[in-house]
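Order as written gives the chain letters A, B and C; numbering starts at 1 within each chain.
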C-alpha cells in the first residue's frame, strides 16, 4: 500500500494549490517538491479560481488567516469542488480564537472536504461545531496515548463518518480514518514538535498524496503521515553533535527528497484498528 | 543572573504572540522554539485579541507593516496591556519611511511598552519623535563603538527613563538599560549582519525572556541579547569551509537550541555601566 | 566582464527594494546579503515610495500578488522611474491566471522596466500581450534546448528590442539579451528546479547587479545568471549522502556568499549569439 501510494506521487507529480500561512509556507513548498509534487501558492480572491483550476488539489491552512485570504479560501474551495479536486483543511488554531474557530466551521460546512488534518485539540473543536451536542468528545483526552487510543479512534471514526471526510489526527500517535477502517501510525520523533510547521508540511504532503491516489485516498493520507514520521526518524539519525532544530528542519525535508518506496514500506509502523 | 533567566524560560515555556514581518517570520518561530518558548503568529485585527489573550507576551515588529497589520498591532497591544502582558516593539526601519516612523511613534505613544529593541538609527528616530527637541541625540553617533559608548549609554538611559521602557540598542556593542542600570554586552560576530533577521529573532527571544522573568525584566533582556551573541559565536565555530550565511543562519538557531545555562553564563561578556 | 561586474557589487553594496512573494522572500533577502548587496522589503502602497527612494533599484515579483501589493508595485515603480532607478520584473505565473497575466501586462505597459526575468512560458505570455499578433512566438517551443535555441534567441532579441528591456529567459539554457547582443549561459543543474525560489533569488541578484553596473547592464544580468548557475554547481559538489533539496537550498546561497570573481569568471560558460 505505502509503496504504491508513494510511486503514484512520483509518477503523477501532483500540482497542489496552497492557501497557507506565511510562517511555514517556504517549507510547505520545498516539502512538496521533495515528495515529487509541485506547489503553487495564491490567496488573492481574484486569483485563486484560475490557479486552483490548473492544479490537482487544494490545501487550505488557516494558520495566519485574514479577511482577504478567508474569501480566497472559499472561492478556491468552491471552484475546486466544481472541478472534483480533493480539498484538505488544516484548521490551525481552531479553538484558540473565535475567528479561527468560526472560519474552520464555515469551511467544513460550505466545502465538500476530502481530508481534515489537525491535532486532537483542533479536531475536537471541529467536532464541537459540527452540529451535535458538546458532549461528543467527552471521552477524548487532550493527547492521544496508548491508553486513550481506543477512545480516540472511536471518536475519530464517528466524526469522519458524520462529516464524510478522511480525518487525520496527528500527535505522538497518529490516527487516519474514513469512518470505516482506521490506520494507527507510530512513526516520528518528539523533537519534531520543536520545529515550526511540521504539521503544515504534512498537510501539503497529504494533499499531494490524495491527488495522486484517487482510488485509495484513505491509504494515501496514512502513507503521507507515515512518510513524514519516517523522514523525522531518518532526519534525526543524521543529526550531528551541536545540530538543533534548524538543521533538523532541513534534514527532514532532505529525507523526504531521498525517500524510496521500499524504505518507506519497511520503516512505516502502521496498524489497522 | 543569566543562568537563572535562562532556566526560567526552560521551565515556563513562554507562549509569545508575534505580529512580525513575513521576511523572517519562520526564523522567529524556530528561534522561539529553540529557546524553550512557543510562538503564535497572528496579525488580522479580528483575530489578534483572542490570540494575545492566551499568550504571555506580545512581540510587535513593523518590518513589513501594512494598513491591516497596523490595526492588528494596536488592537493586540491594547488587549495585551489590559492583561498586563509585556509588549516588545521592534521598530524596523523607523526613520526610513514616514509610515514606519509614524507607526513607531503611534505604538510608543499608545501602548505601555515593556521593551523597545532596535539599532541605534531606529532608536534615535524614536527619540526624535518622543516629545523633546531634535537635539536630544546630538552626541550619539551612527554606530556604537568603544569611543562613542559612554555617550550612547547616557543617551539610552535618558530615553529609557523618559519612555519608561527597557531599551535594547543592538549592534557591534549592545546596550540594555531601564534608565537606572545599564548592561553592555560584547558578544556576537560581525558576520551575523550578513543574515537577514538576526535582529527580529532577538526581539522574539527578548519577549520570551521578559515573559518568563517578570521580576528581573531588564536582566532578562540583557540575557536574551547575550544568548543571541553567544549563539552567534558558537554557530560560527561550527562553520566548515564553504559554508556561508545560509548555513550560518541554521547554526545560530541550532546553538540556541543546544545552549545550557552554564555555557551561556561563562561565555557572556556583560558589564554594567 | 564577469569579474568586473562581480567586483562592482562587492564595492557598491547595492540596496535593493523588493516587492516579492511571501513564499521565497527570506531566501531572496539572504541571497542579496550573500552577493554583497542589501535587501529591503516593503509592499504597502503608503510605504513603498519612501522605501524605494533610499534604494538603488526595485525588484518586482508577482508570485503572491494581491490587490494591495499590486498598488504597491505601481506606486513603487513610478517613483523608481522618476528617480532613474533600474526596475526588474519577475512575472511569476504570468499565463497561469488572468490576474497575473493582466498585472504583468500593466506593469510592462506602465513602467520603464530595465529587466524582465522569467521562464520561457512567462516570457511568451508577455510577448503575446505586448501589442503584436499572437503568432509572434509560434516558433518558440516550451523549453529552450540546444535544438530550439536559435529560434528562442531570435524571439528574445525581437521582444527585448520591442519592449526596450533586457530580457533574461532562464531554464536549462539561459538567454540574456538587450535586443542587440545575446548571451547564452550554460551553467546550473537540473536539481535547482527542486528548490522553490531559485528564480526569485536570481531576480534579486540581477537587480543588485544592474544597480551596481549602470554602464554594462546587459553584462550585469548575464553575470548574475552565471553566478546563480555556478553557485548551483558548487553547491551540488558539496552535497553529502542523504542531503536533499533543503540542504541544497542552503548550499547554493552559501556558494554565492563564498564566491570570488576569479572562480566565477573561470566557471561561467557564457557565449555570445
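We take it that contacts are C-beta pairs under 8 Å (C-beta built on N, C-alpha and C of every residue); 3 or more make two chains touch, one makes a residue touch a chain.
Note that this is a predicted model, so its numbers are computed, not measured.
Shared residue numbers account for under half of those found at the interface formed by subunit B and subunit C, and the copies are therefore classed as meeting with different residues. For the pair subunit A and subunit C, the CA-based superposition corresponds to a rotation of 120 degrees in steps of 5.
Centre to centre, using the average C-alpha position, subunit B and subunit C are separated by 34 Å.
Shared interface positions of subunit B, defined as residues touching 2 or more other chains, are 22, 26, 249-250.
Of all the residues in subunit A, the ones that touch subunit C in their complex are 22, 25-26, 29-30, 33-34, 39-44, 46-47, 50-51, 54, 68, 234, 238, 249-258. Contact residues of subunit A toward subunit B in the complex are 21-24, 26-27, 63-67, 93, 96-100, 194-197, 242-247, 249-250.
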